[in-house]
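The block underneath contains the structure these notes are about, expressed in structure tokens.
For clarity, chains are labelled A, B and C in written order, and residue numbers in each chain start from 1.
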Amino acid sequence: MSIISVKNLVKEYSVYKKEPGFLGSLHSLIARKYETVRAVDGLSFDIEEGELIGFIGPNGAGKTTTLKCLSGLLYPTSGKVDVLGFTPFDRKTKFLKQIALVMGQKNQLWWDLPAIETFSLNKEIYEIPDKQYKETVYNLAELLDAKEQLQVQVRKLSLGQRMKMELIAALLHNPRVLFLDEPTIGLDVVMQQNLREFVKEYNRRYKATILLTSHYMGDVEALCKRVIIINHGKILFDGLLSDLIRKHAPYKLISIVLTNMINPKDLEGLGEIKKFTYPELVLSVPMNNASEITAKLLKRLPIEDVTIENPDIEDIIRDVFSKS
Amino acid sequence: MRYVRIFLLTFQSVFEERGRSLVWFLLSCINPFIMMLFWRGANISSTTLSMITSYYFFLIIGGSIIMSHSEENIALIDIQEGRLANYLLKPFPYYSLKWLEELPYRALQGSFGLIVVALFSFLFQVKLSVGSQSVVNFLLIFLMLISAVTLAQLFKVCLGFISFWTTDAYGIFQLSEMFMFILGGYIAPLSFYPSVVASIAYFLPFPYMIYFPIASIAGFYTTQQLVFIFLGQLVWISIFVFLYKSLWKNGLKQFTGVGQ
Amino acid sequence: MKRYIKIYWIIIKLNFSLLFAYRANFYNSFIISVGWGIVSVSSIFFVTAKVSHIYTWSRGDLYLLAGVYSVIVGLFHMFFSASLERFGRTISLGMLDSYLLTPIDTQIYLSTKTFRPISLLRLIIGIVFTAVVITQQHIEIHFANVFLSFVFIFFGITFLYSMWFLVITLMIWNPNLTNLIDFLYISNNFSRYPTSIVTYTKNVLLYLVLPLMLVTTVPAEFILGKVTILQVIGLLFFSLGLFMASRYFWKFALTKYTSASS
């Protein structure tokens, strides 16, 4: 039994088209033109309990719209959505107590009060028992390394610190399903890293199902086994990240640092030269033969250092989009 | 030409916000409208009633043309968010730019006013009276309207400049609204107030923006009185020009000093 | 129910700490609350300085009406207007999402999240003023009268609340119309005057604003002992009807909600 199940989800918006220029403004005063935009166009997928899934796509692909349909904010134009056995849009109390949606910039904290005050309000709203409340705040604050900031006015916190507080507020009730929309947007590299660790740990510790959208492939690579790639509201790929790589980029990159100059002709038949500026050399080789070829290279060439890498995930995604 | 350009550009954004503009206008109608109904029940003569009714109708049109609302934009966007820096870099005096930005709004609101008043006088069979007035009077009233617009704009800009010194001047803006409401003639013609309150009001700038011009149109005053009122307006304009200049000079020091 | 009371108690506590979080904030709210309170009672002196009657209402009756109005808006501003104002801003900023995902009744939550303690001052101005008018006009008053007039005031506030909520819900369609809030603040002024100013005109269009005038007229006329049963029924009918309407309209609006433009 999957915890989230989506069938043929469609969501349409009507968008107001403004005509350019002064006359256009005058005209729009009388009659406005509206266009229907299909943000989500027939999505279907299932998600099992405890999965951590990456939702990938360019701006306007329909990621956020999908998350909003799943959390019950938007009323689907058509299609069937089932989360934890509920129809999200009904927004039943029982349903809402089991999910959380965290959006990068939005905030539910009281700006002029310390975050802990907002938490105390959420405690009552979500009817969290005292003991569980204290433990959760303590654990989450420790996990995020944010104990000192609990008592500080939210206004005075940095963006990263505020994001941590948002997360605690959203997770106080230990949601079984967590939707994360661009959680690392605007954060510095260190904070991004911390947040990834946190999400991973949260998923492990509470067996929570997490669906995350992100621009940073780093997030997805670090966290998600399974990815769903969408564009123009349609699914382009749904499966394991490793399958995606195997399917769209069945090669590995071997980076070599040479000790002496070599003749590029020596490399014939071993792989494609991606880059060669002495002493650096990058070869692209078929995935299955990677180790074999590396062995050969080590024998043939004067090598100081060698590393084998998977191809850049961003390139793969770009490849998927260009083929769609 | 560039004046026309700036005007047209703002006009465009005004039209973009047609819904908002309409609401702003309706807003300004409500109080005169209620008060008009109120006076119909008062035990006063029918000529007085017709004067009062005309007064409120002219208040709807005149108020929407005259009264600028630029103080909040100046305070929040220009000074606090630092947009003023952009204005300072333009080869154009700040006051003129603000003036041009405000003009299309006034024009639109004024035209709303004309439409609504026409509609109402048709629906409720109200005849607007301007009293018996000479050509000289109308000339004077025209001048008074121009000074009223100038004075109101100057007043609101000066008010907005308070934000150079305090981060949150909202309370002060509201205070000025209260004075405007009572002493500017928004509730009722000042001549119906207790005489003490009215005579205090005459020594303040508020009635010179709204009450006097509107009451003049409605025919409350003789030519001689009109001249006096006009002179009063000029006095207040010069006071506010002086105030504007000194606030601007000192305020800018604050602005650059703080670095936004 | 117990849960909602608990939540509201915390909300009140948080709002009290907010009031004193910033000095400027405190001064501004003080000026606005006390200032408009004074303006609203004093303006009735100014406009009645040279007339003695407005239809059947004597000067003294009008003072009483002004006092009752101050009590009503004092209560309304204390319990609802700040939340509803914020509700409007929340829609226009596209921040409704987090409210919708909260597992309590969203209408209740949105309508009560901000409590405005400072309006207590306006309420006090209203009560004191009304009490002074009642003694000066030698109006006889019993405990039962006071109680019943507060019942009417309750329905009046329900009416104002529902009207505000309905109008602000419209912003779901056009989030730019933030000045609808200002419109509402000014519309409340209709309740400052007696229903007679509309009923005597016999104009059908004007009857649209009649319910708003009932809000204050009914409790005031009740104290004066001249309320009619029809007016009371009218007030109950409009306030309950509008309240139901606000709930249905809100549920309907949410199916049309498009969330922030992201």
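Observations
Just so we're on the same page, a residue touches a chain if its C-beta (ideal position, glycine included) is under 8 Å from a C-beta of that chain, and two chains touch if they have at least 3 such contacts.
Because the structure is a prediction, the values reported are computed rather than measured.
When chain centres are taken as C-alpha averages, the shortest distance to the whole-protein C-alpha average belongs to C. Ranked by separation of Cα centres from chain B, the top chain is A.
Inter-chain centre distance (chain A to chain C, centres taken as mean C-alpha positions): 46 Å.
Chain centres here are Cα means. That of chain B falls 28 Å from that of chain C.
Remark: chain A and chain B have CA centroids separated by 53 Å (rounded to whole angstrom).
Residues of chain C in contact with two or more other chains: 22.
Of all the residues in chain C, the ones that touch chain A in their complex are 3, 6-7, 10-11, 14, 17-18, 21-22, 95, 97-104, 106, 109, 254-260, 262.
Within the complex formed with chain C, the chain B residues making contact are 17, 19-20, 23-24, 26-27, 30-31, 34-35, 37-38, 40-44, 123-124, 166-168, 170-172, 174-175, 178, 181-182, 187-188, 192-194, 197.
Taken in their complex, chain C has these residues touching chain B: 22, 24-25, 27-32, 35-36, 39, 42-43, 45-47, 49-55, 57, 174, 176-180, 182-183, 186-187, 189-190, 192-193, 196-198, 200-201, 203, 205-206.
Of all residues in chain A, those touching chain C in their complex are 13, 64-65, 68, 71-75, 89, 91, 93-97, 99-101, 103, 106-108, 110, 112-113, 117, 120-121, 124-127, 153.
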